[in-house]
Amino acid sequence: MIDNLPFIACAILVILGLYTLTFKRNLIKIVIGLNLVESGVNLFLITLGYKSNAVAPIYTMAAKEEMVLPTPQALTLTSIVIGLATTALILSFTILIYKHYKTIDASKVRRLRE
Amino acid sequence: MRKYVLLAALLIVSGFMLLSAVDMHPFGSPEKEDMDKYFIDNAQEEVSANNVVTSIVFDYRGFDTLGEATVLFTAVVGVSLIFRRLIK
Amino acid sequence: MINEHLPALVIGLPLLAAFATPLVSKINDKLRNIFVIGILGITLYLVYSLLCNVLNDGIFVYVMGARSTGLTLPSGYKMPVRIILEADAMSVFMAITTAVISLIGAIYSWAFMDKETGKDKFYTLLLILTAGMFGMELTGDMFNFFVFLEITSIAACGLVGFRITRGESSEAAFKTMVLYTLGALFVLFAVGILYGEYDALNIATLASRIQYTMLDKIALGLLLTGLAMKAGAVPMHMWVPDAYAEAPAPVSLVLVVNTQAGLYGLFRVLFSLYGASLSTQTVGWILIILGVLSMFVGVTMALIQDKLKRLIAYGAVSQIGYMLLGVGVGLATLNTPALQEYGMRAMEGSIFHVINDAMYKGLLFLTAGAVIYCTGKRNLNEISGLAHDMKFTSIFFIIGAGAIAGLPPFNGFASKLIIYESVYKFNPMLSVIAILVSILTLAIFVKIFQSAFLGPKLLDVKKEPRSMVLAMLVLSIIVIAFGLFPDVVVDKIVSPAVNALINRMDYITAVLGG
Amino acid sequence: MMSKIVRTITNILYSSILIFGFYIIMHGHLTPGGGFQGGAVVASGIALVLIAYGYDTVRNWFKKSNLSFLESIGALAFIGIAFLGIGTTFFYNFLANSGGLFGDPTVIGINPGNLDTSGVLPLMNWAVGLKVLAGLGSVVLLMAYGIRKGDEE
């Protein structure tokens, strides 16, 4: 179990994000929660590829050693950009909601339910 | 009532996540690495790039990168749709 | 030469067009509309030739960036390293549904969006959404699936929030976006787990290595949650009525196929990725319970709605239930001889229901859009006697309502009948519930038709523009044709799709070789 | 608009941020980084200028329409390069080891790196870099525009 501490840390980050998402009423905090989940997942991905005593997967003048797995790095790069795009769009919607409702309290932003 | 249902769902998902983290291979020693080994061994020859990650991003998994560029493009179009001027 | 590259072109062409649309828009509005419809028409043709290709020659594998299109394995290596598109009968079945619906959506938008601003962005997002759905349906790679899932999510949410003057629109878009992203992140986490365990991302490779360990079960749970969220099955259905009701009508139409693409992902994961290795009884029953819940909750919530599009959206939730029910029965019988007896039939019913559902629910959303376009009213209490002025729309509404309720000459009846028959052999109770839900649906739609279209004339109503009538006409023709000749459709495209789902080994050997 | 100190530091830093960003894009196939990262660095320069000078001044410098035009061009270039490979397959790296543009073969193993290698990768890096800097730049500008309009009301 102690070997897997980095994985557990990522899982805890995800759980914190999920907690924020479920129990906070502020729209900005909801976006932050989403970002926490996303960071947790990204960290989890990149942690999967780590190998002890290995270098970054780039050929340079450094003596050839073991290299860490390159695929998770590529995947994480993709998912970071995707996360950035989602965050931009969600924040824009938050701005628009604030303009219409003059509040970012999720319990007051519920015209749809009525 | 709603709060307890949410809490229960949260606890179940958290349990899943923690369990998967504990059950994963030990940190720093991946169990299988045949696909990644192929990339490290052959990227220089096939793609002729020194940076293995870039050769994966743009060559082996270039289609993902196209998707990623599309996501960014979509988000920008979405944001400009939201902040468009209503009167022409 | 084109035949060789079909899967890549099906995804690439709409994407290329989407990137070019902002530039074309600078020239002329009309040119842009023709451009978009033309591109979607060409795409439909490409998908059709892909369909013929796959049905004649079996699974179509396309390797991105390799030295030749069919070179799945690098020389002397036992696993694929590049992204592989894998089109089997199920994928092309979904793709042809998507292509037809998007083309109709674009035709409908011509008149419907005429007075709006920001049309260039609307069409760009529509094209990207279409391309994203093709990507989800044709890809054979887990991570690539996630990327396309996100593309459809972002494009769909941008379109849901199209009416920026309405606060409700932004609210719906926010909610949808949060849930979509959360679902996609669950999928990504599951992909990470699978990658960490087996060091592969290709679905066929993963399927050949999967052992159903504890980690695989967790990954399955996460995938199930994430994709059911995308598909709008009941415990995760909160976004469906909001998004469908607030989006412009052509977007609601495309969103229907989008949820079905999520459903496709679910089926692909269950049948091709895990297949017989999972405890089919348990997972099958989970699907059945989700399905029954969706049917029931959807229809009971629809009873109390007073807004037309919201009501149809709850109807949509209950229709998703039918598909889950049939496939759940198929999955529960996967490892038993009962599969041949009625499990296959149940799956045929529910896969057939996928295409039928896209057509008639789309038709209903388009008629609702026409009502809103012509009267400017969303609330059912404010409209009455529309049949006096909107003759076409009333007829189309009758066709759509008959189909969703499962009345005989329409396609809804054909697929629901197959589901009732086969599910009855599995568990009579489930079949009874399904029939009950259908009757309730019929009651609801008769009530709306009576109150909205019949009765005294209250409002001055505009005439429906021609392009909108054309779009609805095409859908109605398909609805009636499928209802009249269900056997042809089932034999030609549905049962190959079901076979493709069940024969997991074919899917694996297409990539990994014999 | 911020204080004079911030503006002066921005003036000094902006050019080096640009150069650093373009360096990262250009050396994407040799060193850590690439189109996305470099584009993001350049876009952060735009954000810095925006914060220092305020939206009203900056909107005359970077036109949103020009930025979205640039973004479309970047995206088209990227998918266009992918389509050029379709003689063999979609996304085929047709320039690598060909002897032409960026076509020198790489020395296998330990080497300091040669800019003139890796085929279409540098071109794609540039296309993506252009796209990302234009895209992120216009997102930042649009959000500033959205917030500013809210203040007026």
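Just so it is clear, A, B, C and D label the chains in written order, and each chain counts residues from 1 on its own.
Here, a residue touches a chain if its C-beta (ideal position, glycine included) is under 8 Å from a C-beta of that chain, and two chains touch if they have at least 3 such contacts.
Since we're looking at a predicted model, the values are computed, not measured.
S.K.: Between A-C and A-D, which chain pair is linked by more C-beta pairs in contact?
M.R.: A-C
S.K.: With chain centres taken as the means of their Cα atoms, state the distance from chain A to chain C in Å.
M.R.: 28
S.K.: Go ahead and note the Å separation of the Cα centroids belonging to chain A and chain D.
M.R.: Measuring from centre to centre gives 23 Å for this pair.
S.K.: What whole-number Å value describes the gap between the mean CA coordinates of chain B and chain D?
M.R.: Computed value for the inter-centroid distance: 21 Å.
S.K.: Distance between chain C and chain D based on Cα centroids, please, to the nearest Å.
M.R.: 36
S.K.: What parts of chain A, by residue number, touch at least two of the other chains?
M.R.: In chain A, residues 14, 44, 48, 58-60, 69, 71, 75, 77-78, 81-82, 85-86, 88-89, 92-93, 95-96 touch at least two other chains, as defined above.
S.K.: So which stretches of chain B touch two or more other chains?
M.R.: Residues 13, 17, 20, 24, 30, 33, 35-36, 39, 44, 50-51, 53, 57, 59, 61-68, 70-76, 78-80, 82-83 of chain B each touch two or more of the other chains.
S.K.: Can you pull out the residues of chain D that are in contact with at least two other chains?
M.R.: Answer for chain D, listing residues that touch two or more other chains: 30-32, 34, 36, 68, 75, 79, 82, 90-91, 93, 109, 111, 113, 139, 142-143, 146.
S.K.: So how do the chains connect up here, line, ring, star, complete, or something else (other)?
M.R.: Topology of touching chains reads as complete, every chain touching all others.
S.K.: What residues on chain A touch chain B, complex-wise?
M.R.: 1, 3-8, 10-12, 14-15, 18-19, 22-23, 44, 47-52, 57-60, 67, 69-71, 73-75, 77-78, 81-82, 84-86, 88-89, 92-93, 95-96
S.K.: So in the complex, the part of chain A that touches chain D is made up of which residues?
M.R.: Listed in rising order, the residues of chain A that touch chain D are 56, 58-64, 77, 81, 88, 91-92, 95-96, 98-99.
S.K.: Enumerate the contact residues on chain D facing chain B in the complex.
M.R.: Going through chain D, the ones touching chain B are 28-32, 34, 36, 64, 68, 71, 75, 78-79, 82, 90-91, 93, 96-97, 104-106, 108-109, 111, 113, 117-121, 124-125, 128, 131-132, 135-136, 138-139, 142-143, 145-146, 149.
S.K.: Give every residue of chain B touching chain D within the complex, in rising order.
M.R.: Residues 44-51, 53-55, 57-59, 62-63, 65-66, 68-70, 72-73, 75-76, 79-80, 82-83 of chain B touch chain D in their complex.
S.K.: Going by the contact rule set out above, which residues of chain B touch chain A in the complex?
M.R.: Spelled out, the residues of chain B in touch with chain A are 6-7, 9-10, 13-14, 17-18, 20-22, 24, 26-30, 33, 35-36, 39-40, 43-44, 50-53, 56-57, 61, 64-65, 67-68, 71-72, 74-76, 78-79, 82-83.
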